[in-house]
Structure formats: structure tokens, C-alpha cells
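Look at the two complexes coming up: chain A is in both, with chain B in one and chain C in the other.
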Partner chain A sequence: MVLENSEGAQSRSKALRPRRFKRNYYGYLFIAPFVIGFLIFGLYPVYNTLYLSFTDTTLLSSESNFIGLKNFERLFADNVFVTAVKNTWLLWILNFIPQIGVAMVLSVWFTSARLKVRGVGVWRAIFFLPNLLMPAAIAALFFSLFSFYGPVNQFMVRAGLLPEAMQFLQNATITRGLVVFIQWWMWFGSTIIILMAGMTSIPLSLYESAMVDGASGMHMFRRITLPLLKPILIYIFVTSLVGGMQMFDIPYLLTDGRGSPSGSIMTNNILMYLKFSSSKGHIGAASSVGVLVFIMTTVCALGIFYFLREKD
Partner chain B sequence: MLKNYNLNTKIIRGFIYVFLLVLLVITIMPIWMLIVNATRSTVEIQQGLSLLPSRHMFDNYNILLGRGLNLWRGFFNSLFVAVATTIISVYFSLLTAYGIVVYDFKGKRLFSNFIVVLVMIPMQLSIVGFYQYMSKLGLTDNYASLILPAIASAGGVFFGKQYLESVVIQDLIDAGRVDGASEIGIFHRIMMPLAVPGAVTLGIFAFVASWNNFFNAFILISSIEKYTLPMLVQTLRGDVYRTEYGAIYLGLAITIVPIIVIYALFSRYIVSGIAMGSVKE
Partner chain C sequence: MRKSVLYILSLLIVLVMALSACGGASNTTESAAEPTAVAPAEESSAAEPTTAAPAATEKQVLNVWSFTNEIMTMAIAFEGMHPDVDVVYTMIPMTAGEYQTKLKASLGTADVPDVIALEASFVKEYVEADFLADLGQFLPDAEAGKTYPFVIDVGTDAGVTKAFAYQATPGALFYRRSLAKEYFGTDDPVEIQALLSDFDKFTAAAAIVKEKSGGNTYMVASSGDFQNPFFANREQPWIVDDTLIVDPMVVKYVETAKLFRDEGYEAQAAQWQEGWFAGMNDTLVDAAGNAKQVFSYFLPTWGLPYVLAPNAVSADGSHDTSGDWAVITGPLPYQWGGTWLGAMAESPNLDLAKEFIRFATLDEQNLTNWATGVYTNDYLKAIDPQVPADQQQAPGDFVSSQVVVEKITPSFDNSDLSAFLGGQNSYAGFAEAAPSVNAKLMTGSDDAIQRALNDPINQYLNGEIDEDAMWASWKDNLRIEFPDLIIP
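Take a look at the complex of A and B:
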């Protein structure tokens, strides 16, 4: 065997096989900090949350008992949990459809060689801006804009669109609509960037030969663009779903932090936080919310990812 | 026929620009209202709409700070947490990614698939278990609990791997080895300088994510002098400022403007970073 540290052996092996490297175990050393960090700050908390969900632990008492599935039974016994899950799905789906729709249309326009839209980079950069802004501040901003004495009421009344100022944030439909709008507003620019990256990586020659065969724009979109974008669409879908199921800042800070009016924007994470911050600090019950939503989201995300991927 | 085609294209183009302008107004208007109202007095704001700034920013500033809200402490708390998180996250993400890209160790494929899976797992939902565990270690109300998890940021490794695959030059590594450099030395002295653009992109995302992070800080930090900016935003919505609209808008503007400035300086890195995080070339 070649001796690693002898000069001659090294230069000889380099001359013969420059790419051959015997110390690949170094890879383990490089990934070790990540693995240790993940075990401590990632995996153990997941295990601990799962464990807590089977107990009646509170933040106040040092005693905690194993109570089996009681926390889960209680969650399904009252309607709040089911409502929160339904709300979260509704708010996510209603924002995701226009988000992917608008982003898809704009990406097609921006990458079209025929339309030659000017200033694509600038448009894209502006549309992306809201994504970087602090969601907590955005929620507080929209709370101010849509408050009773806020600018939106002033404008609507002046313009004659409303007979008198109204309490937007006491109307369930309007409040939900606002959460959906803010989520859409924050994310459609990001989706444009990702879709465009996917579209520009499709070889032009595919479109050229399709055009020679007389294919229409719509036809090319459906037969070339969409199928080749599939991995990117799955990526957008899954990451958006995972983010959406954990929606917190916007609905929490837009109204009173309890999903008002009448629980219409109570999401999974708001419910989890309410259990956590209740007067006794029922972290066992809060964990059970986390566990159920974790399972639901992970199953959906990985399910979509693998189910749609394998077909290719 | 060709003439028709051109006319059609022109009409479509006109329609597109109108649509883009509408979207532009929708995108910018809330931010613009925020910045304009931050400069207007509460009386002016109550009297009506304006799209032009006024001159009451300093009055608003005095009201904002005059009610016991220590905005600048919050600002520097956020800055400290965000900078520390950024450094840790960038360094360890690149370190891990380098390990995956450069070495052929057993289980490498499994590990990189595992990273992809981790990106898709909603880790925030284990926050309750995380909180209780941190409180046992005495790390609640301590920035360590916000900063240290950045050692294992799956998204960072995923991006770092995509990036390093395009910049790693095997010959340079081999040359370093022949010169007797240690493996970690090669990473520090040869790879890091090459990876600067990727590190900047990664760093901006880590910084923005930490700067905007409300949920984790809200759960883990409890003493007011350690509050970060997003937590102070919640205070701004409270009773003390109920009718001081100008001050509220200014407070919100102060949390947002640094990010807008960063974006204005680095938008190229940010846009290409988003694209790269998703597309496998």
C-alpha cells in the first residue's frame, strides 16, 4: 500500500492518479459540528416535544405525570384545534393559488423573447421587496392602515366607496382576506424569482424546434415549460406549505393575538402559543398541538415531494 | 399577417405594462404610506391622506422615545443576535457543505438527502420542547438559545452545497495538499476566499431571517431589556401609544428601513441567491 506521509509515495501517486485521495474520513470531521448541533438543537427538542405531549407538564409545577393520549383527546374534544387547522389550510390555500398564478403569468411575460418586457430586473427586485420586511412590523402596519381612523377608511369615505368608516378588523371575512393578501403580497415576488430561474434554465432549442413545428405559445407552455418546471413547482409548493402551516406573526399581530374576530384567523401556531402562555403554562398540551401539526405537515410535504418526484 | 402579429404584440405589451404598474402600486403603497406617515404628526394623519412627507419626524421621535420604549436598545439587541447568528450560520453551513462536496465518505449521499428532508421539516413546531429543554439548561432569556441553533441550519447547508459545487476547484485543493496544508487549513485559506460571493448571499439571508424572527424570540426571551425589535413592535401596538399614530409609524419604519437599505445595496446577491437555492444546475 502507498504510504501517505512519504514524499516519494505522494508525488508518485499524484503523478499516477491526481484525484485519488485516501483521507476521505475528513468528511466526517467537517460535518461533525452540524451533526452535533442538529442532535442538540434539532432532534432532541423534537423528541422532548413528543415526550411532553404525553404528559400534563406545566411551567409552574415541578410535577408531571404520564397521561397517555389525554392531551390529544382533549384537543379533538373541543372545536378549537380543528378550527385552527381548518383556518390555517384555508389561509394558506387562498394565498397560494393567486401567488403561484400571478407569479407564473409574470414569469412567462418576463422571460418571453417575443414580448421583450423592459426593466425585468427592476420589476422583479421591487416585487420581491416585501418578502424581506419584518412580518411583525408588516402586521402592525396593516393593523394601523385598516384601523377605524386609519388611512384606508379615510380614503374609502372621501372617495365615496363607503358611506362611513367601518371596523374592518371586526369583520371575519375582511380580516381573513387581509391575512391572505399580506401573505400573497409578501411571497409572490419570491415565487417569480424562483420560477424565472427555472424557466431560463430550459434550453431555448426546445422552443425553437417546437416553433418550427408550428406550436402555439400556449401549447409550448403546456408541453415544454410546465413539465420541465415540475421539480421547481414541487419545491415552491412544499416550502410554501411548510411555511404556511407555521403561519404566526401576521395573524397574531394583526388583531388581538387570539385569532379574532371570532377565531377566524386562529392558526395552528397561535393555538400552540396560547396553550403555552396560558396562566398555568400547559406545555404538555401545547406540545400536543405541535406534534399533530408537525406530523400533518411533514407527511404532506414529504408525501408531495416523493409522490410527485418518483413519476419522472 | 405579420403586421397583425406586431399590432397584437403591441396591445399585449401595453396591457402588461398597465398590469405591472398596478402591481407596483400595490407593492409599494403600504411601505410608502408607512414612511410618509412616520414624518407626519398625529393630527395630520387624522386629518387625511397624504402621499408626501411632512416635517414632524423629530416630534414623532421624541414621542416614541418619551414613553419608556427603549427602541435603540432593541435595535442593538437585534443587531447583536443577527450578526452572531449570521457568522455562525455562514461558517458552519460552508464547513458542512465543503465536507459533503469535497470528500467521498461513506454515507455522504444519505447525509445530503437528509439535509434536503430537513429543509422541508417544520422545525419551529418543536419550539415547546426546545423551550423546556433550554430552561433546564438555564438558557432561556439568553441569546445563546437564539444564536447557537444556527450551527445546524439545513437551508444554509443546502445552499452552500449548491454554491460550492460550482466554485470548488479540485486542482487548488490538490496543490494545497502537496504544499502540506492541513485539510481545515485548505478550507480556511483556499476555499473561503473563493466562496466569498456565496458567503455574502448566505449571510444576507441569515441576517434578514434573524432580524425578522419574532416567534422564537417571543417564546425564549422574557426580560424587557433583552427584547429584540420584533418584540418591541408588539409593545408599539399596546395602550401607551394608542393614539400616537405618527410615533407608531416611525417606530415601524425604524425596524424596516435597515433591511431596505441592505436590499438596495445587495439586491443582486439576494435575487441570485433565491434562484440558486431552488434550481439545481
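Take a look at the complex of A and C:
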């Protein structure tokens, strides 16, 4: 092809144009598999969800009607949806801050040229391990640990820390705390890996010259590491936000699958799933939750890009 | 210097992780045994071996979905009668409604099975919808076998019968004979029934049990145990004319449950969880290490062979309560659960699917084998060598055909099951109760409505919210699932 092209370049431009077009055409061919896959499995479901959200479609009946914004009106008729959104944000923020904080501290230590921590690979692997466990197994584990006749109660009562056994998973604060802890524990290892990848890509010479100039560790972190890490931080921020807004498995499986106790760990996706799995399978109503979460996540992600953009 | 501090810090974090991992490991072994009774664990893995066979011999494949592994026994027996058929059995648990969701999501897709099992709490939903095939052709068989009328009523909508059941499920109260002697001076079922013949008496008896045992024996393991008796004695179904009905019996249930919690008459165990099963074999230990006992369990027909009998011996074999149980009607007559079978109308193997349902629910020989313990593991292994070692049907499940029930009741007089109950023939007792069960309260929404009530009630019992907040929270939950329901 290259040969053909260079030959053509010598001839007149009349002959050139179709060839150039042909070259572009191959490019489209190469990206076609992704685009087709995206259209079918990405864009169409989004479109279909949007469409369903304006109907009263259920799984158990074959007919459905266009009902305009009724599904959305119902979402705001009581405070269940608003509570779910608040819960989701709360659970995400409370686990994201310690997650990025701990991951940042550990990454700085592990990559520090000054500290030269040994066995970094081993530490990193250990911190990443929880991420490899099945969320279902982890949720079932914590459910058993904190059940009324479970080991945590036995330990606390026998050690004199509690006067008598308590129903941990009936307490909203404790249950939320458990979800936050599990999410943090499962994900800070993966954040470490991404952060360390970002930090090791920063040229060592920058730190060396800073050290020659007498900069402290804190200075180097603020003036070199953080600014150069920004693209990575944006990536972590956005992916964590998207994941956080879709938080489902741990809160769903930790209690009864309805966000108990008192809906304190009911997230957006649990609400959507409840509507989907309700007696008749109200997928229209479930879609309306999905659409609102989609809009909310998009706006927030764009906001993050906007506020953290390069300001030259 | 600083490096060592960092080392210690990192080490600490690792230690915390390692410890929580250890705590988990020791616990999983304990809890692993529990869920088996609700949703016997052999799901797809157990079904897989049967899937493997067909390719070579081109057997006709019948897809059956259920929420326990018990129907797999019937499926294998069916294969024994029809060597050209391969039943592919899929079990999906319904602990948190997974089965119902999976089934709903498969409707109208290529994944839909041929035969589906439907539990009492949601069978009506499917009977009232348009997905099940008409099984009216088997009504003469049902008549010949004198299938209990309510079994057919439940499977019928607008004159079309779409589902049959192999079980009838009247409920009962099982109590510990040794504890009855200790606290009431007798273990005679007639006398104990007289003592516990309504819920006021039941509550009074709970107070006696607590007082005489010094708080070490609970009347019930969980207040959820007597939810079914209360709900089964409502005047009206949950939904009438698209409006939610809160029957006085529901209010009475909440009051009774609260009283039992506040007075310490119940062990606060969650149904189908560790503590609940531990009470059956006297291994219940509170957090401080004190041994606790449970006086009684509300369980239906199937609760005896599937739940109580298998759990009467503790895992380490040190405690065995077999022979120490007795069964009575209890404070209120009720029924609990039951499994119906329906065929999907769009099934490409509709005739075979119907034949399977006829065999499973109406065939007198099959029902007799089912109830009398003919389907042992060896029996099943002879048909399909790859059957899991614990797949079998213990004797004692109460079947839906009155003809079969009458025929086999005497055979339980001197059986293992009656030995378990100190000589009582439970089958005879259930045979008396079964004709009075009726289906007038059952609707397709029962499951969702009752599930939605669980968390608010637990919160109320635990003192996290007051009663008004409980009802409000329940109604919020209902609105999520029933957008068109009128909630007063």
C-alpha cells in the first residue's frame, strides 16, 4: 500500500484523491468492530432505557403504554429515591476519601527514592488481594461475622466490651460503616497500583534536582508529584465516581437485598433492581431510576473534567 | 529511623487485613452448613452432570427450574421411566428473591425453561399471567387421586388450571417433650395443645417457660416463626380492588412479636440462620457463652423431613434431640409454603413438560415413592450414576393426593419419623388438617408484600423506630414495588 501510494504521489492530483479516500476508508474499517459493538451493546441499551423510562412496561404483561413523565413524578412523590441518592453519595464519599488518602500515602512511600522500601511488589500484592475476592463472599462473611449469634458479638461480650449481644446489622450507622469499610478495603489496593504507575512515570531527575536544591519530601510531593499526577487523579476520580454511583453488590448482599436496616444502605442501583424485580417486574419504572443516575453521573464527571482541566 | 516506623505501620495494616481474613475463614465453615436447608446448595453444579450426557444419544431435553434441589429427585425418577429424556435441572435459591427475578427476566427470551417450580408466595402471580400452559387435561387424574381442592384452586385462574402441586402444606407446632415435662408437667400432645390453643395462652405459656427456666429457654427461636399462623388467619387478602388491606391479624402479629422481643420470650435468631438451626439441636449459645434452649418451632408438613429432622443432630454429633419432639396444631391453624409446577406455554417440548408435571404431581406411584422414602440415593444412582451423594428424598413429605395419603398413613405408625416424634404419627395429624386448608387469601403479591414488611418490623422490634414509622416505612417499600397500588 505504501508503495502504491508513493507512486501515486508522483502522478497528478486527480489520481491521488480516490487513493487518499481509500486509505481513510481502511481506518474506518479498523475501528468498525468497536463502533458496531458500542452501538449495539452501548448506545442501544442507553436509548432503550431512555425509551422504557417513559412507559409502564412490565415483564409479566405483554402490553405497555407511553405514560410520559409519570415514572419520574413517582420517583419524587416520596423520599425513597432522594434517600437512595443521598445514601449512594454518602457511602461513596466516605469510602473514597480514605481510599485515595491511604493509597496516596502508601504510594508515595513505596515509590520514594529516599525511603527505598523493600518488597514493594509483595506489599502491593497483599493490599490488592481483597479486590480479588468475590463481593458475594465478602458480604456473606461480614453478615455472618456481625450476626446476632456471630463471632463479633461473642468476642465483644466475652471481652467485656459489650454488656450483651447486639443486632449490629439493625443499626443504620454500623451497617453503613461496614459498607464503607468493605468498599475501602476492597478498592484501596487497586488505587495504589494506578497511583504508583503514575508516580513511577514521573522522571526521577526532577526529584534529584529538587533534592539538590534542598526541597523537603512534602515540597516535592506538592510541587512535583501532585501536578504531574493530575491526569491519573482525574482518571481515578471519574472511574471511582462512576463505580460509586453504581454501588450494588456489597450493600445488596450484606443485609436483605432491600438496603436494610431502614433503607440506610439502599443505593441507586438497589432501588433500580427492586423496581425491576418487583412483583410484576416494572422495568419502565426501573429505567427511570437508571436514566436519572446516568444524567447525574454524566454531569458530575463532566464537572470533574472542567474543574481539573489544564489552566494555561 | 523513619524507615522502620513506616515498616511497622505497613506491617500493622497487613496484620489488620490478615486478621480479618482469618476471622472469616473460621466462620465460613460454621455458616456454610446453614443455608442448605433453605436452599439446598447443590445448584447448577449438581445439575451439570445431567447436562453432560445428551450429546451422544440425542435425548430429548427438558429444562426444569426450581428453588430447591428436591424436584431433582423427581427429575431423575422421571428419567428412569423415560430413558430417552434428559432433564436439565437448574436450581436458583430464593433466599432474597433471586429465583423470582431470574425467572421473570427469562420470560419471553430464549432462556425460558420448559417447567418451572412456583412457591406458594408467588405462584398466583404466574397463574394469573399468560405465560403458563393450560393443564386442564389432567383434571380427571386429579379427581381420581382426590387432590386436595385448595391445591387445584391455587393453580387455577378464571377456570383455567395452570399448575399442580405434589405437596399439601398444613402447618403445625413442634415442641420439645423434655422441656414440656419440665415446665408444664406433661408432654402429652393433647394436654399441651389445650395449654397453647390460642395466642393469648401461647403468650402466657411463654412467660411460664421464661420464669421456670430462669430465662434460659425461649418459647420460640424467632418471632418470624409465628408470622405465618397470623397471616393465614386474616379475613381478607393483602390487596382488594387494588387497595392495600392491613388486616387486624397483621396488627396483632406485630403486637405479639413486639411483646415476645421486649419480654425476652424469643431468641432473636433470624429464621434460616445459624442460631435458628442451633436451637433445634440444643447447641444455641448466647454471646456470653450460656447455653440456651428453644421450646417450640412453627413448621409445616415439609418442615419435619426437610428442616427439623436433619437439624436435630448437631454438626459435631454431641447433641441429638431426635425422639424428644412432639407435634400439635398449635394456637392457630395455618398453611405455609408448597411448591407448584407449571409448564411454559411457549415451550417447544410442551407435551413432555406436561407429562413431567403429571408424573411429579398426580402420578400415584410417584407420590407414594416420594412420601415413603423409596427415592434413596442408591435408587437415584442406579438411574444416573452422577447424582450427588446427598441427593435423595427422605420419607415423610405430605403429598397432595388424598388417595395416596390415606393409603400410606398407616405405614408411618412405626417409622423413623414417628420415632423422631416420640411415637406420634405426624402424617395422620396432617391428614386431618389438610382438607381444611383454603386458598382464598393467596395472591400473587403476597411474597413481595411480606418481604417488604420484614425490615420495618425488625427495626421496630429492635427499638430503632417506633410503630408509626414502621408502618410508614413498610408503605414506602410497597410503593417501590407496586406503583399502582392504592395505599391508605
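Simple rule for what comes next: the second predicted complex is superposed on the first by the 284 of 312 C-alpha atoms of A that agree within 3 Å, B and C clash if a C-alpha of one lies under 4 Å from a C-alpha of the other, contacts with A are read in each partner's own complex, and residues count from 1 in each chain.
Please note the rule applied: contacts are C-beta pairs under 8 Å (C-beta built on N, C-alpha and C of every residue); 3 or more make two chains touch, one makes a residue touch a chain.
Computed from a predicted model, the values in this text were never measured in an experiment.
Within the superposed three-chain model, A:Gly101 lies out of touch with both chain B and chain C [touch as defined at top]. Once the two complexes are overlaid on the shared chain, A:Val117 sits against chain B and chain C alike. Once the two complexes are overlaid on the shared chain, A:Thr49 sits against chain B while remaining clear of chain C. Set side by side, chain B and chain C differ in how many residues of chain A they touch, and the one touching more is B. By the touch criterion defined above, A:Phe276 reaches both chain B and chain C. In the superposition on chain A, A:Trp185 contacts both chain B and chain C.
Within the superposed three-chain model, A:Pro261 lies in touch with chain C and out of touch with chain B [touch as defined at top].
Contacts of A:Phe305 after superposition on the shared chain: chain B is touched, whereas chain C is not. Using the contact criterion defined above for the overlaid structures, shared-chain residue A:Pro135 touches chain B, although it does not reach chain C. Of the two partner chains placed by the overlay, only chain C lies in contact with A:Asn153; chain B stays clear of it.
Shared contact residues of chain A, touching chain B in one structure and chain C in the other: 106, 109, 115, 117, 123, 126-127, 129-130, 140-141, 144-145, 149, 151, 154, 158, 185, 276. Those residues of chain B that touch chain A in the shared complex are 9, 12-13, 16-17, 20, 23-24, 26-28, 30-31, 33-34, 37, 45-46, 48-49, 92, 95-96, 98-100, 102-105, 108, 111, 117-133, 148-149, 151-152, 157, 170-171, 174, 177-178, 183-184, 187, 208, 211-212, 214-215, 218-219, 229-231, 233-234, 236-237, 245, 248-249, 252, 255-256, 259-260, 262-263, 267, 270-271, 274-276, 278-281.
On the side of chain C, the complex with chain A involves touching residues 2-3, 6-7, 10, 13-14, 17, 20, 23-24, 26-28, 30-31, 96-97, 100-101, 104-105, 107-108, 122, 125, 129-131, 268-270, 273-275, 278, 284-289, 444-445, 447-448, 451-452, 454-456, 458-459, 462, 464-465, 473, 476-477, 479-483. Interface of chain A with chain C (complex): residues 56, 59-62, 71, 74, 77-80, 106, 109, 115-117, 123, 126-127, 129-130, 140-141, 144-145, 147-151, 153-154, 156-158, 162, 164-165, 167, 170-172, 185, 255-258, 260-263, 271, 274-282, 285. Considering their complex, residues 10-11, 14, 18-19, 21, 23-31, 33-38, 41-42, 44-52, 57, 102, 106, 109, 114-115, 117, 121, 123-130, 132-138, 140-145, 149, 151, 154-155, 158, 185, 189-190, 193-194, 196-198, 201, 231-232, 235-236, 238-239, 242, 245-246, 248-249, 253, 269, 272-273, 276, 283, 286-287, 290-291, 293-294, 297-298, 301-302, 305 of chain A touch chain B.
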